[in-house]
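Structures are listed in the sections that come next.
One chain, subunit A, links the two complexes that follow: it is found with subunit B in the first and with subunit C in the second.
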Partner chain A sequence: MKLRTFLAFVAPSVAVMVILIAVPLVGIVYLSLYQSHTKTELVELTVEVPTFGGKTRKDTRLSPQPVLDENGEPVRVWKFVGTQNLAKATDLKQLTQAITDPGDASGRGFLGRMYQEVVNIEFWAALEFTLLYTFLTTPAMLMVGLGLALAVNSVTRQMRGTLVFATLLPMIVTPIVSSLAVYWLFLDNSLVSTLMEYLGFGRFYFLADKVTTRTLIILYGVWFAAPFAFIILYAGLQTLPLEPLESAMIDGANEWQRLRYIIIPHLSPLITVIALIHIMDAYRVFEPILVFSSDVYASSVQFLTYFVLSYEDNIHRAAAYSLLTIVGVILLLIPVLRQSFRERQVET
Partner chain B sequence: MAAVLAVLPVTASADCGIEDAGEVNILTNFFDVLELLANEMKECESDALTVDVKLTTTHKEERERAFEASSSPYDGSAVANSSITALQAKGQLMRLNDLVDKYRDEYQIEDQMLIRFGDDVSAIAFMANAQHFFYRTDLFEKHGLAVPQTYGELLAAAEVLKSEESISYPFGAAFGGSGGWEVANEFVNLLLANGGQLFDPATSEPAFDSQAGVEALETMGKLSEYMSPNALALDFLDVKRQLQQGEVAMAILWGNEANGMDNASESVVVDKVAFAPAPAMVDGGPPATTFWWDGYVIPRNLDGDPDLTFRLIMHATRPEVVAKNNDAALWIRSNYVPTKYAAAVAASVEANAPPYPMNPQAEIAHGALGNNISDFLAGKESAAQSLMDAAADYRSAAEDAGLL
Partner chain C sequence: MSRRRPIWLRSLTVSSLLVWTVLAVFPFLWMFLISFRAPVDAFSSSPKLLAPITFANFYQIWVVDEFWRFAINTTIVTLATVAVSLTIGCLAGYALARYRGSLGFWLLVAALVFRALPHVVLLTAYKPAFFQMGIWSRYETLVLVLVAINQPFTIWMLRAFFINIPHELDEAAMIDGCSRWKAFRLVIIPVMWPGVITAGLFSFLLAYNDFLIASQLMNGEMTTMTAALGNYMGQNTSLSKVMFGVAGAVTVTIPIVVLIYAFQKQIVAGLTAGAVKG
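On to the complex of A and B.
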């Protein structure tokens, strides 16, 4: 192919990638290097507001008011701060303190106390749960997905359509809606709590401590992501050649051995792809954290981005958190990508 | 969570006296009263005039972006005490004085509806709100309890009500909700009533990490012992439901939720709940609550017509709307007839409950508190430590906002 023809063919893809991927990435990096605000000065100001029943209240105090330029417009300050946003986002100051001098609050050993102090810092607490969620849901969703695929594959053809649809449901429902549904199942006097009390387990508070809240969110994650693994692995199973399976059976391989030595190796490129995509998704876990309002017990890096952007109205630090999310995803993907690269090398 | 609803056109189209052509876009929070007012605005739609009201619980994020842009797609927005402060301090709000003067008679604009920063009228308020004490009269009678005047008395009453078998827990308050906004609001109520303040006005340094703050937070810790163990995941709507379903005997809730207690379709405690001002933190002190108002602002950078937007807002909040929907809100207009559901709010005014502090520092402090004090309530660290963490967060955010 001539270079010109080649370029003409890839140009649309390159253009889309530049607009949708490169530009926002550069934008995030740029924003995270700056800090901006409206210039204010403290002015004595009387504020009058209604209370109730026709009454109002006046309150005079120093209040920040905008500094205006010659045109009467508020002055915006836009200054380069370098890595300051990243340092603040990761709370390097507190981190250094936690590592060098973790205090002696609990009776644990030095490392235990250090860990305790580190995960008390917002970002590192969020990172702790984000990683926990990623590393626990990835193998779990693969196993559940594979189990479901094998199960659906073994039933009669007539039933498969219905089963595939039913299994896909968790993936079809919008995450925020399914998070809410799960949250409502486990609240006080909810279906599950009431049922458990009725069955004699006593009152159980799922959202009252770290372990149960985290378990719920992780189980939700597996439930939500497993259909994705299922549908891809199920499709993979349809391409499984019968001959090696039959020869294995003649050689006396049991079911486990057939799964271990024939089916899984056949599916392994798919498993790599699923793991790759799920790790990217899992690292951005957000909806259940928001819906369970559980950030005391389980926060995530993506939730922090949202929090800083919407509650602190700080687009620059939010950009720093986004950048950290991207870096995190890339770091996590490196081993998987290397693995898939090696597999390809072996094949060729 | 993030509920978005585009208001459907109402069928009954009243003559609203606005014949201008154009398009007006308004952004508001999402709750009943705002939906009602949005429908009033939609009444003015004609072939020439388009009125779009976007009701969403993520209004704050959208508003901040829109008002900061070179031109705002929204011509008006509903705000409250806390959300107006940053907009005002950034100089993003239109001065409404001339419009108020021009239309004062036509729409019977009353002085108490005007939110003033110095000489500038920056918002038109339509409703007030304050949290107060809700309690079960039947259970208070049964156990011989008096309405608590202080949080000490409330804790004593809670101890007595522990033995009551018809309820699950004695007390409910909104310690959950996303982003920690509500739990921080409870803290602000107790802090101010305890003589503390959020920040030092002269320096903008945080002031909530004080003895008054520690006491306020420790009081919340004691309260949580009488609340659902899930309390850190329950927002005010959950608490309202707890009270309506007879799960708790006392609660701190918003004034506009009072009439819901007697709504037989969602409450099993109709006529059994009474209301009083929030208890004080110190003997004889003001009730531990703050006054809120809800109102509309117009941004300076709107792309529409401020005159037309202003008239739409005033049309939606005219006296007839108040008269027609008297019980829907604690209206600020003087033709509102207070019902028994408003008595506790009125009593809170008499008892000198302060308005929620209207400074941008307060909003930042509120956010920092919401992000940290739950650590204490969850038993992860001491009250003083979590307030110190909040103070560090506050400093960091205030520096970024150019206030420190």
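On to the complex of A and C.
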């Protein structure tokens, strides 16, 4: 295909991506370097204040009012502040303090106290749970997915359709809804907590404790992501060559050895791809945090940015968080990108 | 393969599959069950399998809270998103599958980075810009944003499908005197439908499942069903309001369940094509 034809074919798609993804990314950098506020001026306002017996008194005072431009819109003042937003977003001052002089919060060792102090800071707390979520759910979803793929592969064909249908549900149903469905099971006075009390485990308040909240969100993550690993690994199992398996059986390999030395090596390229896609998705975990209102115990970088953007309405701080998020995405993608470049060089 | 597995392994397999199936389906099943109940029966201190049925939650949400408006919005937004993303995505995916130069490679790498971006990053930039331009809370805006977010994934997936269509097919048409565009129209379009249907399903799911963008870009009556669920969330929501949320969530789930039932094969094919070949 000629370059001109190629450009003509990709033009609409590229235009949309440039205008709505690439340009906004530049905008983020710009927003994070500036501070803005609505310009105000002190205006003398005279109001009639009611006094005793239906009489009024004129009261004049100075009051700050937004300055309006010729279109009647409030004027915003933009000021370049450099890396100040970034420093504020990451609480650099508190961070240095936490690292150099960790307080005496508990009796644990120096490093433990330092860690406690660092994760008390909003941004680092969010980053901590995001990374915890990402690196705990990744191996777990792979293991559950592989287990399911092996299990489904060994049952009769008639059961497979139903199993695949059930398995697709957690993954495909709107994440907000699936988070809610799980959340409603674990509310105080809801099914799981009452059942556990009924069975004699005592009263549980799942969402009022750091450990149970975090466990619940991570389990939700595995439940949500394992179907994806399952579908792909199951497809991978269908392409498994039979000869090595048969010769291994003749040589007396047991189930575990066949899995360890033949099946897993065959699936390993797929496992890498699944892990990479899942890491990208886990890094932006958002819905369960929002639905479980768990940000006190378990927050995420994407949730924090959302919160600052929509509740604090501070675009500059949100932009600083976004910028840090982009840096994180690029760091996560470096292995993939290096791999693609190497393949590309081999090709050409 | 005639493998005699030990009995313990077979029972372990069957029982773990049973446990998984229950885990996968139960939260949705329970949600469906309690959506027809009064708050006392739904969150009662001794859970009931059967309780009096009421349609009050659905009445409240559909009639009083006017959920039908959001259903219409969702329909407009998702259908438009699917149509636009497929149209421009097919052109780009086809070109990426046929072009050998390095520009194609760079485009794919950029798309990969874009695909990994958390959506809130883009939202941060949209918020001040769209407000300034006065294109806030409009169907066109939301559709274009969703198309853009969808594009990286769509072009990767469609490229994987187009690579599987032998290039001799369109080259033969071009030798017979077709232009590239005519070859695409006459030879490729008739054979590309399985791939397009699958890519369309995933575009649909992304647009339909999106909460973050719609809840922030659209206000009041203009929002979608998924984003409207946000009205019923939060710790301080009263129990009766939670029940309306359950009814809303069931409403949002039903189309998805129908979709999975009807297009199970295509969804599985799409997931595998995206990962195995991408």
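Keep this in mind: the second predicted complex is superposed on the first by the 279 of 348 C-alpha atoms of A that agree within 3 Å, B and C clash if a C-alpha of one lies under 4 Å from a C-alpha of the other, contacts with A are read in each partner's own complex, and residues count from 1 in each chain.
Keep this in mind: contacts are C-beta pairs under 8 Å (C-beta built on N, C-alpha and C of every residue); 3 or more make two chains touch, one makes a residue touch a chain.
A quick note: this is a predicted structure, and the numbers were derived from the prediction, not measured.
Enquirer: I'd like to know which partner A:Gly53 touches here: subunit B for first, subunit C for second, both or neither.
Expert: First partner only.
Enquirer: Is A:Ile264 touching anything from subunit B or subunit C once the two structures are fitted on A? First, second, both or neither.
Expert: neither
Enquirer: Is it subunit B or subunit C that touches the larger share of residues in subunit A?
Expert: Partner with more touched residues of subunit A: C.
Enquirer: Looking at A:Ile99 after the superposition, I want to know if it touches subunit B, subunit C, both of them or none. Which is it: first, second, both, neither?
Expert: After superposition on chain A, A:Ile99 lies in contact with neither partner.
Enquirer: With the two structures laid over each other on chain A, which partner does A:Leu185 touch: subunit B (first), subunit C (second), both, or neither?
Expert: second
Enquirer: One more residue to check, A:Val327. First (subunit B), second (subunit C), both or neither?
Expert: In the superposition, A:Val327 contacts neither subunit B nor subunit C.
Enquirer: Between subunit B and subunit C, whom does A:Met143 touch in the aligned arrangement: first, second, both, or neither?
Expert: After superposing on A, A:Met143 lies clear of both subunit B and subunit C.
Enquirer: For A:Ala208, decide between first (touching subunit B), second (touching subunit C), both and neither.
Expert: first
Enquirer: Name the contact category of A:Gln35: first (subunit B only), second (subunit C only), both, or neither.
Expert: In the superposition, A:Gln35 contacts subunit B only.
Enquirer: Between subunit B (first) and subunit C (second), which does A:Ile231 come into contact with in this model arrangement: first, second, both, or neither?
Expert: second
Enquirer: Identify the residues of subunit A that lie in both the subunit B contact region and the subunit C contact region.
Expert: 176, 180, 187, 189, 290-291, 293, 309-310
Enquirer: Contact residues on subunit A for subunit C in the complex?
Expert: For this pair, the touching residues of subunit A are 1-3, 5-6, 9-10, 12-14, 16-17, 19-25, 27-28, 31, 147-148, 150-152, 154-155, 159, 161-170, 172-178, 180-182, 184-185, 187, 189-191, 194-195, 198, 223, 227-228, 231-232, 235-236, 242, 245, 249, 255, 270, 273-274, 277, 280, 283-284, 286-287, 290-291, 293, 301-302, 305-306, 309-310, 315, 318-319, 321-322, 325-326, 329-330, 332-333, 336-337, 340, 344, 348.
Enquirer: Quick one: which bits of subunit A touch subunit B in the complex? Just the residue numbers, please.
Expert: 35, 37-40, 42, 45-57, 59, 61-66, 68, 73-74, 77, 88, 94, 120, 122, 176, 180, 183, 187-189, 205-210, 213, 290-297, 307, 309-314, 316-317
Enquirer: Quick check: in the complex, which residue numbers of subunit B touch subunit A?
Expert: 1-2, 58, 60-61, 64, 81, 86, 89-92, 111-118, 125, 128, 130, 168, 176-181, 201-202, 204, 228-235, 238, 242, 245, 247, 291, 293, 330, 332, 334, 338, 342, 345-346, 348-349, 353-355, 358-361, 364, 367, 370-371, 374-375, 377-378, 380-381, 389, 392-393, 396-397, 400-403
Enquirer: If we count contacts the way the header does, which residues on subunit C are in touch with subunit A in the complex?
Expert: Residues 1, 3, 5-6, 9-10, 13-14, 16-17, 20-21, 23-25, 27-28, 30-31, 34, 43-47, 87-89, 91-92, 94-96, 98-105, 107, 109-129, 144-145, 147-149, 151-152, 155, 180-181, 205, 208-209, 211-212, 216, 226, 229-230, 233-235, 242, 245-246, 249, 252-253, 256-257, 259-261, 264, 267-268, 271-272, 275-276, 278 of subunit C touch subunit A in their complex.
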